[in-house]
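Below you'll find the structure I mean.
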Amino acid sequence: MIPLHHILFFSSTLFCIGLFGALSRRHVVGILISVEIMLNAANVNLVAFSRWTGLIPVNAQVFAIFIITLAAAAAAVALAIVLTIYRNRKTIYTNEIDLLKW
Amino acid sequence: MEVLTAISKVGIYVIFGVTLLGAMMAVTLRNIFHAALSLALTLIGVAAVFFVLRAEFLGAVQILLYVGGIMILVIFTVMLTTRIGDRTIPTSNHQQWPVLIGALLLLLYFVRMIGKTPWSIKSELAVVSAVQIGKSLVSTFIFPFELTAVILVAILIGTVILAKSDEGEEKS
Amino acid sequence: MDQLFVHIDQAIIHWAQAVLPDWMAVIVAMKIPIVAIAIFGPVTMMYLTLIERKLLARIQNRFGPNRVGKFGLLQPLADGVKMLTKEDIVPEKADKIAHLLAPILIVIPALLVFAVLPFGRNMIAVDLNIGVLFFLAMSGTTTLFIFTAAWASHNKFSLLGGMRSVAQMISYEIPFVLSVVPVLVVVGSFSTVAIVEAQPGLHWFVFTPWGAVGFFIFFICAVAEVNRTPFDLPEAESELVAGFHTEYSGMKFALFYMAEFMNVFTVSALVATVFLGGWQGPILPSWVWFLLKTYTLILIMMWFRGTFPRLRADQLMGFAWKFLLELTFVNIIVAAIWYEMRSPLNHLTAAAILIVTIIVLFQFNKTEIPKKRIYKYAYAD
Amino acid sequence: MVNNASTLICFIPFLPLIAFAINIFFGKQLGEKSAWVTLACSTCSFVLAMLVIRPVLSGAVIQVNFDWIVFGSGALQFGFLADPLAAIMLFVVTCIGSLIVLYSIGYMHGDPRFSRFFAYLGLFLFSMLGLVLSTNLVQIYIFWELVGVCSYFLIGFWFEKDSAANAGKKAFITNRIGDVGFFIGIALLFYGAGTVNFTDLTHEYFHHHHQAILGIAGLFLFCGAIGKSAQFPLHVWLPDAMEGPTPVSALIHAATMVAAGVYLVARLFPLYEAFPHSASVVAVIGTTTACMGAFIALSANDIKKVLAYSTISQLGYMIAAIGIGAMSAGMFHLMTHAFFKALLFLGAGSVIHGTGTQDMREMGGLFKAMPKTAWTFLMATLAISGIPPFAGFWSKDEILTHAFLHHHPVVFGLLLAAAFLTAFYMFRLVFMTFFGKTRGHFHAHESPAVMTVPLMILAFFAIAAGFPGSPFMHHWFQAFVLPGEAVKANFGLMMLSSVVALSAIGCAYYCYIVKPEMPARITQAIKPLYQASLNKLWFDEIYGATVVRLFQWLAGTLFLFDQKIVDGAVNGSARVGLWISKIKNWIDQYIVDGAVNLVGAITRITSSILRLFQTGVIHHYLLVMFIGILMILYGITK
C-alpha cells in the first residue's frame, strides 16, 4: 500500500486546483464545480485519516457522508439561485453580476 | 508477487493522475460543458480512490450522489443557462495569474506541513464497513443525522420556491 | 452440473499455475470472469434483440426475422456487420469529443454491473460487500452519458429526449433505490450473495407481503430506468424522432443499443436476485434457475412493450412521486415491522398495512377525467 | 384506582379544549359535523368524570398539582382537585353540558356560524371544568374570567342584533365590577392567610387565625359571586343575557356558570362559617335576591325573562342557604336546580323553536301540539315549585328547614314567601303557554328527537335528582358534601311548604284558567306594585340615572378641564418654545450643521476611496479572502 503522505499530497493538490478554479473562474457554474472539487479533496483527506490514523475510524467516514449530503443540498440550492439569477439578469458571469457594490 | 504489488501501486498512481488531470481540466477548460464532464471524471476518480482506500460504501455513495445527482444538476443548469450557440466564451477572469501563484504557494505550504508533521500511523490499517457507518449514524451521530434531514427538507422547499416564484413573475 | 462453470474456471487456473509464472497466473485468474462477462454481455444483447423482434412479431401476428440462418438465428450477426460497416455521420455543429465519448462511456457501467451479479452458486465475479449499492450507483451514471449524448448532438430533439430521460431516471431512481431497502433491512447486508443466501429454497422475498410490493415497485422502476415501454418517453419516435440518439448512426448507435439491452438484462437479473431468490430453487442447477428467472422478467418487459401504450409525461412523473415513493416509504416500515414480529402474525399485519396504503394511495391518485370539451366556435349557428 | 383517576382528571378539561381547537380551525370544512366533535369530546369528559367521581364517592380526594409560579419560599400551584364539592359540580357540568350540546345540534341547525357556536361551547366547557377542578383561588380566578369571556361571546353570538351585542357588553362589564372585588378579596386573603389553596383554607385554619382582614376578604370575595351569580345589586345582566341562543341560556345562564358564584361561596364556606358577620351579609343578599327575583318574575311576559328572574331568585336561595350555614343544602339545591332549570330553558327553547315567538301572551294551548315538550316542562315546573316528590321539593325544603331550626325567622319567612311566588309565576307560565287557547298566529310543531331526547333525560333527573338528599336515603347527599353535619327531616315543615306551593298553584289556576280576566283586575287594584314588578324595580333606570350619568358628567367635566386649562398651558408654552427655537435655529444652521457637514465631508472623501474595493464582483472578494488566509497561515507557521 502506498504511504499516507502520497494521498495527502494528492488531496492537497486536488484542493489547490479547486481553489484556483474557484478564484479564477468567471462562470458561476464553474465556481460551483471548483467548490465541489475542494469538497472532494476534503473527503479524500477524511477517508485517508480514517484509514491510517483515526482512533475511531467510523467517525471520519460519517463526516464524509455528511459532507457529501450537504454538498448535494448546497449544489441544489446554488443551482436554483443560478437559474433565478439567469432569468432575471440574463447572465451568469460573476463580473456582470455586481449589484452588491455600493 | 512483487510484480503484482508494483502493478497495483502503479494503478493507484494512475488513478491519482487521472483524477488530477480531470480536476485541472474542470477548472481550466473554456467550454463549461466539457468542464462539467471533466468534473464527472474527477468525481469518479475520487470514488476510485475511496475504493482503493477500502471505503467502498463511501465510494458507492459518491458515485450515486455526485455522479448521479450533482452532475446532472450541474449539466442541467449549464444547459438552461447557456445558449447552444456560444460555447467558448472566455470563462476565466483577469486574476488567474496571481491566484495561480497563491494556489501554488498554498500547495507548497501544504507539502511542507505534511512533511513536517509526525503522523501517528496505526500498525493495522482500519477498514470501515457499511454496518458500522449505519450504526454510528443512528447512535453517536443521531443528532446531526436528524439535523441533516431537517436541512434537506428546508432545502427542498427553498429550491422549489426559488424555482417556482420566478415562473409566476414571468407569467404575470 | 451445478458447479459446471466453477469447475471450468478452476481447471483453467490450474493449467495457468502449471504453465505460467506465479504473478501471471494470478492475473489470469482475475481475468477469467472479466473475459466471461465481456463475451457474455454483448452476446446476450445480440440475442435479446432477436428475441424481442421475434416476440413482438408473434404478438402482432407476424413471423419476425427468419431469413438469415435457421429461425433467423444469424440475424444479430448480420445486423452487427451492417452496423460496423455503416457510415458514421457526425453533425457539423456537434460537440465532437462528447459525441464520440458518450456511446463508449455508456457501455462501461452497463458492463461493470455484471460484476456483482451472482449467476449461480459460487458464480460471481466480485462479491463486493456493497454489491447492490454498487449496482445502483453504476446504473445511475447512465443518465449522465445519455445527457452527454443528447447535448453533444446539438439537436433539439436529442436535447428534449435527453431532458426527458434525465427527469424520468432521476424521478424513478428514488423509488428504485428505496424499494431495495426493505431487503437490505431484513438481510442486513449489501452483498448480493448474502441476499441470495437469505432466500433458501423457495423462501423468496417475493412471497412475503413487503417483498411482493417491493418486487412490483422495483420491477416497474427497473422498466422505467431502462427507458422501455410504457416509460419510453425519451425515445418516443412519434414525438422526438428517436430521442437522444437521433444523431447517432453506425457503431455508435449500436453501442447505445447494446447498453440498453445489457441494462435490460442486468436490471432483470438484479430483480431476480433481490426478490426472486436469485439462483435459489429446487432440482435444476443454480445458474439455470437464475437465467430462467431473469429471462422470464425480460420476456415480461417485452410483453409490456407489445401491449402497453406510452404514458403521458405528467402521468409518468405523478406515478413516481405520488404513488411509488410513498408506497416505498411505507414498505420500508412494514418490512421492519415484519422483521420484528412473530411468524403468522407478521404476514397478516404487513399485508393489512400495505393493502390499506395502496387503497389510500389509489384514492388520492384517482385519475381526473376532464369533462368532454367542445370547441364552441365550431358551430355554424 | 386513585392513581388512575389522578391521570384521568387532567384529561377532563382538555377534551373540550381539543374540540374548541378543532372547530375553530377546521370549522368551515367540518360544517354541521363540527357539533359531533364537541359532543364526542364532552361525552368523553362525562365518562372520564364518572371514572374520577367513583373513588371520590368512596371518600378519596384526588389532587394533581404542579408548581406554576415559584416565588420566594412558596409557589403558586396549578392543578386539579376533585373532592365531594368538585365532584358534584363535575357531574352537573359534564352531564348537562353533554345533553345541551346534543340539544343544540337540533336548535342551532342551519345557523351560519354553526361550527363557531360549538367551538365556543367547547371553550366554555373547558373553562368551566377548569374552574370546577381548580385547586386555588388564583386558578379559579383565571377560569372565572374565561367563563366570563365565553359568556360574552355566546350572549352576543347573534351580534348582528344590537340588543344581543349590548347585552353581551352589559354582562361583561357588570361582571367586571364583581370581579374587581373578587380580585381584591384574593389579594387580601393571600395577605392575611398567606395561601390561596383550598386544601389549606380549612375550618380549622380559620378557627386558629381569626383575623378581621380575613372577614373583609370574605366580603370582597363574595363580590365576585354577586357578579357571577347575578345577585342583588348586580343582577341586571342576567335577564338581558337571554338574548343569546337558548341552549346557551340553559347551560351558562341557568345551570352551570351562574352557579359558579354559589360554588365559590361554598368552597369558601369555612371562611364564612368562621366570620358570622360576613355570613349574615351573604344571607341578607341571598334572601333579598330570592324575593326580588320572584317578585319581578311575576309580571314578565317573555318566557325566557320569566325563567331568567326565576334563576336569579333560585340562586338567591342557594346563596341565602350558605349564608345561614346550610352549605350542603345550598349545594343540593344547586344540583337539583341545575337539572330542572336546564330542562325549563330547553323546554322554553323547544317552544320558541316550535312557535317562533318568545312572548307568552301569544302562546297558549300548546299542550296538544308539542306533548313531549309540555310533559317534560310540566315535570320541571313541579320540581321548581317544590311539589313532593320532585327534586326541587327536597332541596328547597332542606333550606327552609335549616332556616327554621337555626332561628333565622326573617329569612325563613321571606324564603317561604319567595317559594309561594315561585310556584305562582311558574304555573302562570305553564298555564299561559300550554293551556287555554292559542292567542298567536303560528303553526306550532314538535321539535326533532335530537332536542326532545335531552329533555326526557333531564326530566328523569328533575324527578330523581332529589332522592339522594331526601330522608328516604338518609340524607346521603348532605353527608357526602359535609360529613358530620346533622340533618333532620321535619315533617311539619314539609307539609307547610307543600301546602304553600299547592295553594300558589291553585291561585295560578284560578287566575289564568278559571277567570282569565282576573289578572287585569288585580293589576288595576295594586297598580304601583305591578308597575314596580313590570319595570324590574327600575334597576336599569336607577343605574342609568346614577352610575352612568355620574360617569358621563365626570367625563364631560374632565373634557372641559382638558380643553381650557391644559390645552391653554400647552399653547402658551408652545409659543415660548417657538420663539426660543428661532434663536436656536440660527445656531443650529451655522455652527452645529457646519460641524456635522464637516464630518460628513470627511466620511465621503474617505469612503469614495474605500469604495473602490467594493466592486460587487464575487471573485474579487474571494481573492481578498484567500490572500487573508494565506497571510494567517504564514503568521501561524512563523
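Per-chain numbering from 1; labels A, B, C and D assigned in written order.
Convention: a residue touches a chain if its C-beta (ideal position, glycine included) is under 8 Å from a C-beta of that chain, and two chains touch if they have at least 3 such contacts.
Bear in mind that the values here come from a model prediction, so they are computed numbers and not experimental data.
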For chain C and chain D, chains touching each: B
Computed distance of Cα centres, chain D from chain A, in Å: 67
Rounded Å distance, chain A centre to chain B centre (Cα mean): 6
Centroid spacing, where centroids are CA-atom means, of chain B and chain C in whole angstrom: 28
Shared interface positions of chain D, touching two or more other chains: 617, 619, 623, 626
Contacts with 2+ other chains: residues of chain A: 19, 23-26, 94-95
Interface hub residues of chain C, defined as touching at least two other chains: none
Touching chain combinations (by label order): A-B, A-D, B-C, B-D
Residues on chain B engaged by chain C in the complex (per definition of touch): 1, 3-4, 31, 33-34, 37, 40, 44, 56-57, 60-61, 63-64, 67-69, 71-72, 75-76, 79, 84, 87, 129-131
Residues of chain A that touch chain D when the two form their complex: 19, 22-26, 31, 94-95, 97-102
Touching residues on chain B, where the partner in the complex is chain A: 9, 12-13, 16, 19-20, 23-24, 26-28, 32, 35-36, 39, 42-43, 46, 49-50, 53-55, 57-58, 61-62, 65-66, 69-70, 73-74, 76-78, 80-81, 90-93, 95-96, 99-100, 102-104, 106-107, 110-111, 114-115, 119-122, 125-128, 132-133, 136-137, 140-141, 144, 148, 151-152, 155, 158-159, 162-163, 166, 170
Contacting residues of chain D [partner chain A, same complex]: 611, 614-619, 622-623, 626
Residue ranges of chain A in contact with chain B within the complex: 1-2, 4-10, 12-21, 23-27, 29-30, 32-34, 36-37, 40, 43-44, 47-48, 50-54, 57-59, 61-62, 64-66, 68-77, 79-84, 86-88, 92, 94-95
